[in-house]
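Chains: A, B, C and D, in written order; residue numbering restarts at 1 for each.
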Amino acid sequence: MKISKTLAAALLLGLVAGCDAPQGQQSPSASAQQAIEQADASYQQSSAAGHAWSQTKVRLQAARAAFAAEDYDAALAEAERARALADASLAQAQAEQTAWQDRFPVARSPSK
Amino acid sequence: MALSRRKWIGTMLAAGGAALLPLRLLANTAAAFKAADADTALKELFGDTPVEESAAIKLKIPDIAENGAVVPVTVSTDIADVQAISIVVDANPNPLSASFTISPDAFADVSTRVKMGKSSLVRVFAHTPGKVYTTSKEVKVTIGGCGG
Amino acid sequence: MLRTTLLAALLAGSLGVILAHPASAQATADPETDRRALREFYANRFPQVDLADHKDGVYAIDAGAREQWLEMEDFPPYEIAVDEGAELFAAPFANGQGYDHCFADDGAVKQNYPYFDEQRGEVITLELAINDCRSAHGEAPLPYDGQELATLAAYMAFASRGNPVAVDAPASDAARAAYAAGKRFYSTRRGQLNFACTSCHIQLVGNRLRAERLSASLGHVTHWPVYRFKWEEVGGLHKRFAECNSQVGAEPFPEQSDEYRNLEYFLSYLSNGLELNGPATRK
Amino acid sequence: MAAKVKIRGKVKDGVANVKSLMSHPMETGTRRDPEGNLIAAHYIEKVTCFKNDQEVLSANWGASVSKNPYFAFKVKNSAPGDVIRITWTDNLGDTGSGELVLK
């Protein structure tokens, strides 16, 4: 069923977003910077698909504000949140490519 | 251009002329409108005049208001010698909403629309020379987040 | 962080199951088939409501709300906007001509909007046509989210009252594509809450979302612009589209964007035959 | 220029049924603009209704009367040709008025 595919995709993307944050080597500021860029790229994609979510932008802005205030842990956390939202909205855009077709009523009586 | 208030009053007096009625029933209107609780507002309005529940006052207002910003209210009564009608929304920051002064040439029958910040008891009062009559209704206000 | 995502996804999934509709793919149906299907759907869903009464929107299906609405319509606050709009409509441009050079019947033309302009290859709404008229006469266009345009549209809606919606069927591939884009937009889930327009106005129509009764798609276009008590002024259909998008957590599109004009084209065709009764009050 | 009051009315059996609508923001003084600044209170304080220049009804209002206020009332001993006039003044000294010849 399409619904469960959406769910799986959203979950998977969520997990990926959570796990691929760079570990160890980078400075906190570089990690945060990279996370913001990745989140923004995903957000831009969702926006181009007409599926941007309001909260994604809110989180991105929070990440940038935290970065500007040199609170890199908070910036990273907000950026990851933004990325997860953007990825989920992209999954929605993907699933809706065909799923929308089932939602409008179809005439039951034979046409006249 | 807007008239200054003094000029305005002058115009009103000229227009009303000798016909201005001795409608000085409401004791202290300005203070009543400023009152932050219903009891204070009523005291300012009616002083010590006794207040009595009456089924002869009709209050038409929805049980559930479609929108708190615009709640239609109609108050009417057949009680003799009604010289003023007041509308009080208990839970509003300033509970007194409106006071109408009614001459012998008008019926005690007025309609308006009031704001309600939240669900509240709405009380209306009909003022006669010796006594104030009242009735009330609980009105629920839903939060109009969607709709349309 | 992950937990929020998971929760959102689960919620979206479970809602999807509830809302799933046992209809088959309808991507390519022609507009008249869609219109017939929609009317049949609401006739079955609300057997006690005459289809023509859907012009009143949600007040066709909610008796309690209807009573207060009628009371408001007795002397509605949009009458001020209609008066102001009539003055704006009658006021000549700098070149001495006026809106009546662009719009026949003193502006009673709303029933024919929107239409698909084959030359320009896009949907022309009444608001777009008003600005085209201004440009043609050397006047600056009005902002789409401003009061002047909404006020003019309020007057024209009032002048058009009682006329049945008469939107032309798409006559070219480009026009059919615009209609199809509108239908797709209407049926596509958007936003963090994962709702399509159809979720509320078809699958859940007549139910309550919090305290609000969900209205039918049929009649969604008949009464605009609307004096919405939440806005405390008159506003157009696209302002409401943007609000619906925002309410499900989606970023809205600009008023008069391609997306919203195509959507209006689709929705208006579906309401063909219903009487215009704008402007109207809404909560 | 004073703001206009829209008035509608009909006489039936000697009773004038009058309805009016005033264009006014009725700001409570407790709302904030998008920048977070308080919007100053601005509301109609007093409405006076006349029949043929004789005062028949008046209203004192607070800011909790709805925006673009509606006011309906009934006047005794009325006949077609009588002139109903409604005037208002607000807390900033602005005024409005309207007139209707009853039919």
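Here is the rule we use: a contact is a pair of C-beta atoms (placed from the backbone, for glycine too) under 8 Å apart; a residue touches a chain by one contact, two chains touch by 3 or more.
Owing to the predicted nature of the structure, the values given are computational and were not obtained by experimental measurement.
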item	value
Of B-C and B-D, whichever chain pair has more C-beta contact pairs	B-D
Rounded Å distance, subunit B centre to subunit C centre (Cα mean)	39
Rounded Å distance, subunit B centre to subunit D centre (Cα mean)	14
Distance between chain centroids, defined by C-alpha means - subunit A, subunit B (Å)	54
Inter-chain centre distance, subunit A versus subunit C - centres from mean C-alpha coordinates, in Å	30
Contacts with two or more other chains, residues of subunit A listed in rising order	none
Set of subunit C residues in contact with two or more other chains	232
Sequence positions of subunit B contacting 2 or more other chains	69-70, 72
Touch relationships between chains, expressed as pairs	A-C, B-C, B-D, C-D
Interfacial residue positions of subunit B with respect to subunit C in the complex	62, 64-67, 69-70, 72, 142-148
Touch list for subunit C against partner subunit B, complex	57-58, 64-65, 67-69, 71-72, 209-212, 215, 226, 228-230, 232, 240, 243, 247, 282-283
Complex interface listing, subunit C residues touching subunit D	74-75, 77, 79-80, 83, 232
Interfacial residue positions of subunit D with respect to subunit B in the complex	1-2, 15, 19, 26, 28, 30, 48-51, 53-67, 69-77, 87, 89, 92-95
Residues of subunit B that touch subunit D when the two form their complex	1-5, 8, 12, 15-17, 19-21, 23, 26, 29, 33, 69-72, 74, 89, 92-94, 96-107, 109-116
